[in-house]
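Next up: some structures, all given as structure tokens.
Here subunit A shows up in two complexes: once beside subunit B, once beside subunit C.
The block that comes next holds the complex of A and B.
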């Protein structure tokens, strides 16, 4: 059976962060289990922070963007594979 | 005679354009610094020269002290105007300017340091006889100490980080349990964001008004006020509409407030233009909140009622000259209102970056301080404010009427703005009666 893969998209343009604050740990490591609704990153848009949440349960397979990358609206952020 | 030969503007958007206008009128050359995201912005082409200082993210461009200093040296600017936000209240930046023999257009680094610390600012203001919000005398070191002080003051209270700002490092606590829960996390947050874990307690003032006083001071000990600005129409602690005079103050309360602001500015040896912010409780008691050691977004309201160009005063004071007018020579006429146009959803206030595909602006009887023109891209990297609409009328009613007409004559297409919200505020009965507090936008549910 092949794993179903879901991509997490950014609904807004902005700057991507994997950590809640510069000196904090990342929200989630690659390869870790994730539940729908878990925060996996932040996008900063016009001095506001928008939480990026997983939309499905599974394993966060990989991030497709790096810390502080500039995102376009609709850009793919991460891949979650269902278990 | 000119104050400077060439001024570098360490800012962007409408305030950069605003500063360029005055410099141009005075025959002073200007240097714009800009990020890659702002290469096509109007302020870049309007300056005499422009230097790109880095990528879009502010901390790699507008907030990078060394890059800005480098740009000033390279263009041989003899002064730097920091505008508001970004590096404008950063004492290290002011010190770097001084070390490079470049005039920083603002107060001294020492004064900025005092006002950057809420505890130090409280201390100085108390010494000057300026009322501060009842609270703990100085830093609180333990939960036990906090609980004891809280019991004396009475709940609800605000637990505040001394170095906090922009709503970060502030926690409302209703009882001892909440205080105990918030104590260590607030210290931690303050340490991680501001590198300073000092916290203190203040009484929570419910449903306050926010009224501020514009002051100006030169190097010769002259300090004047330029009246107040009423700034209580806010969303998420950000101002939306400002006006002067405040409809809340009678003449004697106004006199008292203005005099108090001057006392505070004198006590700390303030120079250049600055703003003393106060909150008023329901019983018309007022308390010092903080001092903004820079030009304010809403400074045009003051310019409209006094006829004074505040940027020119800043340049003049920074050049070591005396204030051009004494207090008795400063007067105000009529009433001014400013509306801030934000690129955001008018109901949720969520930012809405995009391209201004069409921009229709009123043609006369109104001052427009805008960062954008038709075709401008509003990028996601900076503040959502894209412009300010300012009117002046003989009376408050006339000013509101002018603002209604100005807003009705505006159209912005291509992204969402709060234009409809602004128009609704002007039509709102409570606003019309001048009967509003900082809770106004939340309580009035104007657009829902």
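The block that comes next holds the complex of A and C.
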């Protein structure tokens, strides 16, 4: 289990943001510890902001998309490695 | 009753629409993909105009508190009853206590959930459709929220056998690249010839601003013909003297990004409308997602009317097929 990696997917298409607001810090830095249920980013579509949450505990190893990328539904956003 | 455990991204009650008030500025709202909406109602034996749920991108979690007959149509957001995948485009029976949930969207953008008897919400100006911008219709004029309870009506017209399925060739398939047919006008004369040509040769990408009000597209900047500002028109070259906007009409404010106006859009204004999506292709437009591609294809009125006839024929085929069972 120690090197298990979980990918976080976006259930919806839209614009990806790592920050809660343009002038705020990112929700989480790469390499930081994360708990299931933590918000790691937002996807904006239809003037709604949908919170992307970690589904497992571990370390947020890396983001696979950049700030303000337009995502497809089902696209991989980040990798969380269990520890 | 249907209890809303999770609402999904934007789930609204919609019927055929609030028809007949366009001239006083009231858009029709209503199901965006009318073909799928109608098929769902036919599959549960409802009047065609019965209110159903329109689910966008991400499905809700619903708990049925009574036995019910349901059907799910539209884009493919795989539905599950108590965690088991169930087919779309088919008459299904659910029992009191059953939970309906959905997987991630696979194709298309919108799913229709019809319940035998219809969703029972008050009629506002002759319709049960939700118009969120004005906060009217549907359930309290808004998308569903966790904890909501939806009443099931008693207006089922006939009983449909469980397991009845729409014929495979009548089930639409949705793609990430789409051709949408338009009739050129009313104000296409405002675009330069070069921009007109570019408009029809580009693959436009649907932006994140794509909802029941309209779809905004990214491609390249378009230019308007130079002119002297007419009396009553705004100063921007994309402005004209106010006119009624046809549903499905496409305008390009300041030439930057085309916007297709859909079911919940403003009914008129002062932007040049360069073309209008033909009615038969509005259903397809409603199933296009953010980040997917659209190419606009110009057709004449005769082709548009022929497409409308073919659309009506497909619906007639569905009804005929189900009556034969």
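Following the convention adopted for this analysis, the second predicted complex is superposed on the first by the 81 of 83 C-alpha atoms of A that agree within 3 Å, B and C clash if a C-alpha of one lies under 4 Å from a C-alpha of the other, contacts with A are read in each partner's own complex, and residues count from 1 in each chain.
The working rule: a contact is a pair of C-beta atoms (placed from the backbone, for glycine too) under 8 Å apart; a residue touches a chain by one contact, two chains touch by 3 or more.
This structure is a prediction, so every number in the text was calculated from the model and none was measured.
By the touch criterion defined above, A:45 lies against subunit B and subunit C together after alignment on the C-alpha atoms of chain A.
Looking at the shared chain after the overlay, A:70 reaches both subunit B and subunit C. Touch criterion not met for A:55: it reaches neither subunit B nor subunit C. Contact with subunit C, but none with subunit B, is seen for A:9 once the two complexes are overlaid on the shared chain. Overlap of the subunit B and subunit C contact sets on subunit A: residues 12-15, 44-48, 70. Here subunit C touches subunit A in the complex through residues 9-10, 56-58, 104-106, 205, 207-211, 289-292, going by the rule given at the top. Contacts from subunit A toward subunit B in the complex involve residues 12-15, 21-24, 44-48, 68, 70.
In the complex of the two chains, the subunit A residues touching subunit C come out as 9, 11-15, 44-48, 50, 70-74. Residues of subunit B touching subunit A in their complex: 56-57, 192-193, 343-344, 350-351, 353, 379-384.
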